[in-house]
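Consider the two complexes below, in which chain A is the common component and chain B and chain C are the respective partners.
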Partner chain A sequence: MIRLEKRSQPSREWSIATPILAVLITIIVGAMLFSAIGKPPFEAIRTIFWDPLFGEFAFYYRPQLLIKAAPLVLIAIGLSLGFRAGVWNIGAEGQYIIGALSGAGVGLAFYPIEGLYILPLMVLAGAFGGWLWAMIPGLLKVKFGTNEILVSLMLVYVAEQLLASMSLGLLKNPEGFGFPGSRNLQQYPSAHNAELIAGTGMHLGVVAALIAVIFAYILLTRHRLGFHIRLAGEAQRAARFAGVEPNRLILFCLGISGALAGLAGLFEVAGPAGQVSIDFNVGYGFTAIIVAFLGRLHPVGILLAGALMALTYIGGDIAQSNLGLPSAAIQVFQGMLLFFLLALDLLTNFRIKFGKSEVA
Partner chain B sequence: MDLSAINPALLIASLMVAATPILFAAIGELIAEKAGVLNLGVEGMMIIGAVAGFAVAVESGSPLLGFAAAAAAGAAFSMLFVIMTQLALANQVASGLALTLFGLGLSALLGQSYVGIKPPKLDTFDIPILSEIPGIGPALFSHDIVLYFGIALTFVIWSGLKYSRAGLVLRAVGENHDAAHALGYKVMRIRILAILFGGACAGLGGAYISLIRVPQWTQGMTAGIGWIALALVVFSSWKPLRTLLGAYLFGGITVLQLNFQAAGVAIPVEYLAMSPYLITILVLVILSADKSGAPAALGRNFHASR
Partner chain C sequence: MKISNLLTGVTMTLALSTGAMADPTKVGFVYVGPVGDGGWTYEHNQGRLAVEEKFGDDVETVFVESVAEGPDAERVMTQMALEGADLIFTTSFGYMDQTINVAKKFPNVKFEHATGYKRADNVSTYSARFYQGRAVQGHIAGNLTESNIIGYIASFPIPEVIRGINSAYIHAKKANPDVEFKIIWAYTWFDPAKEADAAKALIEQGADVILQHTDSTAPQAAAQNAGDVYTFGQASDMIEYAPNPRVSSIIDNWSPYYIARTQAVIDGTWASVDTWDGISTGMVKIGEITDAVPADVKAEALAMIENMRTGDYHPFTGPLKKQDGSDWLADGETADDGTLAGMSFYVEGLTDTIPE
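Let's look at the complex of A and B:
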């Protein structure tokens, strides 16, 4: 019989080894999946993981890596703080949309005035929009005890409808010949989140993501609030005795994750995407949940996990055009990764013992 | 704007159709939650049921076979959740999210070749005599058999939970798993069965969307209905008959806003389309003060250490 014995403390070695192991298992099972749908497995894996970095056209894909990783890391850092404290914001996708809408709205309101103050104002508006959207589940939870998981998720659908309404109505480009979508912010220099160094993919969002990683690291290891977050997640009763106010913690966690998701949305709409359009959101808010777990809710881990996820996005695109791999296959791939990761967590928290057990 | 174009009999009939997927998913989740398991993967299990039911119905030409396959597929998919939470003792919230994310991707992959196909039609089952009542008869009593099965299932579960020994054991496991374990009940086995039942019901609900309500297959077609079902369980404070009521209420809202869209009410389409989600939030707020119905061990994993 196999028997589980709870470890008194989660194993450090396993907590680092499990994400790597999960990635390896996902690659193996993924290859089997690809061959099952009639695609060459080795070529598919190589296309996804190798070609974007070292292939023939890597010079084109490497900047893309930063562009895709930045929003994922930015959102996942915010989510990880909440997940640690047991506050489940799973509506980052909605906060991302609202951040983009409010930021782009501010920028478009100034059109065509040029000024250095416009982009900073947009950044503030983006963060504020995301924060506000996340405050809805936050305040409802604090005031009425409403489940934040369900409310934040419902608000994603509301935000999607709002996005459609905005790109067809209020924010529609008046010179767009009736096509849906706003003016292109890339053609409005004061509002454009341009690359800081041309050709590298390095834009303000990437910088913000790096700052968020450092900020979160310091918060969690050096600050009282970070200690409270960890305490509330691991031992709720002890947290109360330590003077943690649960309500303030809930509002802080939701607020910060909303603001970061809003920022991610703003940097995307003002930079790589360029405009508000119906299909602006591509699921970063949900993939960021996987990134947060894959990074073990640790800032540095999230940075690495974000880069890996960005790689699968880009590699998936290449595999789609070169091998005809369906785009859904990458979604399956990412979902599988989360599964293996969570299941392997068993090894971190439990010891597996072989031998006859005495009680069931 | 022409509200008189909305036909009340037709409205009730389509309300019942719109409510059925939510009812199936919610009643399945209710059983799982009564056993103390919070499965946030309802949306994922539904869409797996939707695609599996659709594929089997198209290939075999029999919608009922499609529904059977959807229930089996939903249960099989929920087995992943069983492995995660009951065997690997992973966090239930995270595992449920994983199930939903994975299910949405997998269904899109599986359903690729079924986009744009019409599924075989399920005949309506006219309840004798009742369906001949003029006016409300055809609206209430002339639906497909699966819809009636959903209602019957709700009543069976209600009486089962209330009057049967099995229902009592299920509730005991959900209220206090340590005590239930001490009494000699197989906590893990009971929870696994509850999760599988929830998966089968969610699968049926999903297939009802792709085979009857829409009816066709499109990627991500469940559009949050699984999440609304989760909210509905809270709304009904874990009581089956209130779940039925709630499902019809939400079905009514969905149908009404669609009718408003068609009738050209002065509210923009996007704002009408967000109304079911906003109303779900509103209802959650109003009812979340009362948590007395929640199973005490909801969302907590059980590990028999000694």
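Let's look at the complex of A and C:
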């Protein structure tokens, strides 16, 4: 007979061990999945995890890892603060879009003037756009008690419609022969979020993500506000006694996650993506939720988790092309990662006991 | 001197030919959707399979599906080029700038971008004249409708889609002067749920023929449930809904083009071109017109297809006016490709406004 016994305190050892264990189990079960569909399992795993880092063309993939991981980490850091406090912003994808639209809009408004002040203004506009979009669920929750999960999620679809409208209307490239999509900001030097050192993939978004990790770490471990965030999530009554104002905390958490998502969108649209287009958003806002939990809502964990997710994306695409793995198999593989992590979470909060159950 | 020259020539030829034998031509395909979407990407993948079948061991193909437009696409193209691809087909309009970027870095790799307008020494563009198929659909639809209301599920207000609406409307109107188009913008290329909703809404508004510029079979299913509603297959034949509601279809047939371009790379004759082919080369195929269509209408449709194949008929032939009443084409004048490629206006008679 196997029983589960609740731990009085979540186990520290297990909370560190479970992500590693989850990755290992995913690799094993993933290998079984790949061999079941007739692909070489070891080669597939090697292609996904090894080749982007140490393979023949690693010189190209390593910078790509930064480009892919940066928006994930930047968004996930913001989300994790809210998640810790019990504020559930599920709409980062929408804030990411609005951030990109506001930032790109500012940049395009200056076209073709060149000036060093343009990119900083775009960065501010991007953060402001994301913040503003997140304030909608925030204020509705504070004033009317609406559910921020639903409102923030629904606003993603509103943002997508706005994105389509902007790509087809206001921000459409006037020299684009009537096709949708804005001018390419990569060809507008003052607005281009270029690589700081060519060939390294290191653009402002990557720097911002690293700074966000450090700030979040300091906030959570050294700052009163960080203490309040943790307290609100773990013990609401205690938080109230400690003088935490729930409404201010809600607005802060949604605001900071919105602003960071907006920044991520701006850095993406002004850099790697280059233009506002109908399909600009590719789900970073949703994947970041996975990254946040995979990283145990801890800033350093999120950094590692973002890198790992980026690795599976890039390695997954290589495996598709080189081994003919279907993209659905890669997605299952990525899904397994979260599944096993959540399943193993049980071990953090519960102890498994073997033997007869005692009389109740 | 002469002999040594000759010998060098021979060894070089040998080296080249053995090189060619040991190393098959590698062709990469970047897809925007899954190969099982039953529409756009499915047909591009059929083209890839046709290349494999035609060249056998001389050609190796690779593909990556569901590649998001943006940095992901750029990475996937770069990866294919790094891994030795000689020719890469990028099959979505949204890959345009990425294709140009990557092509700059790999001047020896040839690129083919579908539906775009930016070319380079090693970047060709290709697209199909689907508006020819739309003309046939319009003619059949105008004849079939009894409510005189034709529904149109449009995807995005881009020239490609607007051209299709115009072409269908011109020919429906010619067949039936009382016809009216109701257009719903779905803002998607492939979303069965949204497409089904759009189809139902159009049917409720009285449409008894539905045209679609989206790729799923959801509108066909909705029409089947409603009964007495006709539809046309889009991108793929969608023959599983024949003979009714699906009465015909427009099929994207990329195989001949993909085979020809691969052959050109093998022969070393590849050059950057802008291809816009239609019924004449088989890039656009009209799926079987079923018996749900009256025999005389079917005969007229077939004659129209034949005339477009031979080039005797152009779907945009004057006299035609723009929606605002201004003159566009004089009597007998045909539209030039430039205007068609960037078409952003409706023809006279359409009541919808192009959204922004």
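Observations on the structure shown:
Throughout what follows, the second predicted complex is superposed on the first by the 358 of 360 C-alpha atoms of A that agree within 3 Å, B and C clash if a C-alpha of one lies under 4 Å from a C-alpha of the other, contacts with A are read in each partner's own complex, and residues count from 1 in each chain.
To be clear about the criterion, a contact is a pair of C-beta atoms (placed from the backbone, for glycine too) under 8 Å apart; a residue touches a chain by one contact, two chains touch by 3 or more.
As the structure is a prediction and not an experimental result, all values here were calculated from the model.
Once the two complexes are laid over each other on the shared chain, residue contacts for A:G178 go to chain C alone; chain B is not touched. By the touch criterion defined above, A:A164 lies against chain B and chain C together after alignment on the C-alpha atoms of chain A. In the superposition on chain A, A:G199 makes contact with neither chain B nor chain C. Of the two partner chains placed by the overlay, only chain C lies in contact with A:D279; chain B stays clear of it. By the touch criterion defined above, A:D317 lies against chain C but remains apart from chain B after alignment on the C-alpha atoms of chain A.
Look at A:P120: by the touch rule set out above, it reaches neither chain B nor chain C.
In the superposition on chain A, A:I290 makes contact with chain B only, while chain C stays out of contact range. By the touch criterion stated above, A:I149 is placed in contact with chain B alone, chain C being left untouched. Looking at the shared chain after the overlay, A:P189 reaches neither chain B nor chain C.
Overlaid on A, the two complexes show chain B and chain C touching the same residues of chain A, namely 161, 164-165, 168-169, 326-328.
Residues 57, 60-61, 64, 67-68, 161, 164-165, 168-170, 177-181, 184, 186, 268, 272-275, 277-280, 282, 313-314, 317-318, 320-322, 324, 326-328 of chain A touch chain C in their complex. Put simply, chain B touches chain A in their complex at residues 40, 80, 83-84, 88-91, 93-95, 97-98, 101-106, 108-109, 112, 219, 223-224, 227-228, 230-231, 234, 268, 270-271, 273-274, 277-278, 280-281, 284-285, 288-289, 291, 303-306. On chain C, the positions that touch chain A within their shared complex are 28, 34-35, 62-72, 74-76, 78-80, 82-83, 93-94, 97, 101, 117, 156-159, 187, 341-344, 355-356.
Those residues of chain A that touch chain B in the complex are listed here as 4, 6, 37, 83, 88, 90, 136, 140, 144-147, 149-151, 153-155, 157-158, 161-162, 164-165, 168-169, 286, 289-290, 293, 326-336, 338-339, 342-346, 349-350, 359-360.
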